[in-house]
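Below: one structure, written as structure tokens.
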């Protein structure tokens, strides 16, 4: 009666004791390159991984979620993923202190990634803080499809704008925005978004960052009648659908909002699906 | 009404974020050299320190106790202590993995040390496993008083006999004993103790190791009418006298055994004080 | 040496004593992307209620030292979709299912039981009585012997006579043995010990409760000593009752200590979030632990922590040194 | 800005809200080798009984995830030596002392109270009622309202009318608010919340209980969510009663959350073992936390986690962002 384990199927979630191959500082953030061949091979932009944190006997029992920032997949055994860590509480601080050769238990790829356009259209990618991380993996895929890419990277201060240098290669053009004016335009990413949409005749917006920012972007996108996908961040205990902690109100076809798991139905949603004001 | 804090007095217990200056392997053990000037300056042989274990957020909440194995005190700021770590559970494993420049929170010196003879007599120092660790600090002090030192170092297997090389300098003569015969005499330290006592006309025995070994040594010492001090090991939560977890039955002047705190009244006791069979 | 891992929970025979915990493995589909869930003794599914339920608003969780708080509030699809989608899938997948049910009135438990009579693949019911009892001043059923017993009686009456019923007890009581006696007298065939411990976390920034529901259920290794104590107490009082132990199990060694305390089977709950592969690993580690001790049957270690049940204890303890 | 740290526990004014917890700081001498104990609000001494007591055999402790179990069994010198040696020393040292008393019969509590009437330096009594009640089937006093109230009544009758009495409650009850009401009605001037949670650890090698006493009291950060919940529940039910909060406090931030939950003062217990300097550090950190929020009086943060007591909460929350 037993059918073969679904775990052997293509939906398999991999759990790997990944070696830290490299670490680098990027402003307020630490980028970790992890050897995670199977995850790298399966990952799509907008998906995420979860990492165990702490040593033997740690009291920090839950995994931490990180967007997949970059992927190198050689086809062989050498696939790697990059994650961008913003040191915040105990777990992210621990991760940001990892050194080369350390091991980190990584699980993924998790969640639904961004949908990419069939046609080579202009896209605006908007990131706030470490929310910019997944946009670079996405940009690679969009570029391969011939899309034109404008990036808007924002942060409270200059050191919290992620990917300034990388964006030169990843995007056709980039607008930097800081709230305190220490870099680029003074203000918020939404202050420059409409201009970018118009300037490049954008057909798609992709956004990741704090919920407030995503809500504001959604509003602008709906007004501008441009398709917009957002990658949301909800506190997650499991990251793969079994705990029901990460829910947010998502409207179904009947427009009725229901609490849906961000980790398996998301983290990427079409902006009009999210009931922002509940 | 407030008298000056007793904490300013000579009984002060120091608590220091000590830097790991050096680590070395010694058979099954790891020796850590810690920069701990104030502890080094105050320590006496037979005393111990406690170390915090684990990173931020660790679930291993209690400190671990370690005998002071060696002390270098320059009189200036450079004093260090050595501890010998036997990796056992999560805490000692974590400590044994420390590398140079890591920090370890150390508290000490704790407990009552060994009493040393006024006269330059012959002494037999008996250690089992990592119980040999404190005997080397003791040997330094005894040697400075002109005592003759015979060491008996035992262990289940060769890699668990601690201090083989060091004993060449620290002792006038050394007998090594292993239960499996992989090194020195096959058997237990008690198999060679009486012979050592007689050969060197020993006037004092000092012993540290598992409780069973200490009990057996005490019996032999009483029979041989040689003064014997033992450093016991009881599971300790606090290490400085406030929790009452580390008690063992110690006979008072009235010969009645009472439960006494090993961490402040000991860990060193005269062997006849301990009610071994309770 | 082959180790027998099959256990008999008062007639309910499972091939493996390691189970999932209700609410920590959904209905199996997600976990099956991590490991082959047919290797488990059974899936205990998330507590299901009669109607679809949205549960509590977020935030629904807070990490605490070696534990977590949750206030999911029994979000779920309701019994009909649960049967048609989840139970059908589980039955096709070939996993024995222990269906957990929850309600706020006694008659809801009875109705849930009736609906599950003909459901596929259900080998037992687990009755989650840690719900507010709307019949009686909003106290939780599991907190007082009488309401707890009433629920179990209703379920017993509505269930096929040969369907085992496990009552899942709350540790938040003065005398868990009293509750255990009450539900066993009311017809429970077995007990699941323990549900979460009521707790509260306060955000040090806002100084407000982290959870929108204010309080939540504490789970994970932090509560393991409480779970072991409850199991040990109840086992001492009820030597024969099958017990499913749950609360902070992370490893084969933990599982072993739960069996020794008196559990006949073990559920892995919160640790699935920490290590999605945990149920499979715990089961493998448990078999290895037994093998290393020369124990050929997992049932031999059950109750070994009780002075009065030293079944074969010499063998175990000696082989273990 | 200078922060006022003085608190008024129903007439008992302490210069600092940070205290030691009974049984975790002995009678102060040892801690005074680490930091100046006169900086504390008060020392709560280890529960003392009438006669000298050896306590339980070893092993008396087990480390558990983010916590520990203890089964000391109230080892102590008896009330006479306690008064002549410990209280005299504390009084000379100038530390306000809250003397914790314990007994197994109601009359013992009364007798202890009488002996302490003229003892030096005692500013309040803490009544540890988490002891087996030998008058009544060996249940613990703190577990049922009536025996709990009887002890408090006896203490109240035997104490000088102006000596505040704190009843220390156990979390191991179905309804801690019920017990709180009972002891307050019986004359308790304040409450200490919480004592340890009953737990059990099993040695994975021997498969026997680690503690010779089989079960023990769970303490440390693992139980912090339980302590916060109990404080929050009792505060909501008894808006005016002074509460000393205890259970897993490790830092100034923790202390702040306890105050927000409803405590008026905080004891540091197990964390003294982890960091002997903890009480001094917690007190410094708490002052810093308050300063950073622009709060000039520690009493302002008390109860802030309760929607219905948002005293000055705007100031705190806004300054805090």
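Brief remarks on what is shown
Residue numbering begins at 1 within each chain, and the chains themselves are lettered A, B, C and D in the order written.
We adopt the following convention: a residue touches a chain if its C-beta (ideal position, glycine included) is under 8 Å from a C-beta of that chain, and two chains touch if they have at least 3 such contacts.
The structure displayed is predicted, hence computed values, not measured ones.
Shared contact partners of chain A and chain D comprise B, C.
Centroid to centroid, with C-alpha atoms defining each point, chain C and chain D lie 34 Å apart. Separating the centre of chain A from that of chain B, both taken as means of CA atoms, is a distance of 54 Å. Distance between chain A and chain C, defined via averaged C-alpha coordinates, is recorded as 35 Å.
Multi-chain contact residues of chain A (touching two or more other chains): 57, 59-60.
Chain C has residues 65-67, 220-221 in contact with two or more other chains. Arrangement of the chains shown, judged by which pairs touch: all-to-all, with no pair of chains left without contact.
Against chain D, the residues of chain C that register as touching in their complex are 64-67, 69, 143-144, 172-175, 197-209, 214-215, 218, 220-226, 228-229, 232, 248, 253-254, 256-257, 260-261, 301, 304-305, 313, 316-317, 320-321.
If you check the complex, the residues on chain C that touch chain B are 65-66, 221.
Taken together, the chain B residues at the contact with chain D in this complex read 1-3, 5-9, 11-13, 15, 52, 59-63, 105, 107, 234-235, 237-248, 258-259, 264.
Across the complex, chain C is touched by residues 57, 59 of chain B. Across the complex, chain D meets chain B through its residues 23-26, 29-38, 46, 54-55, 58-61, 63, 65-68, 70, 72, 75, 92-94, 220-221, 270-277.
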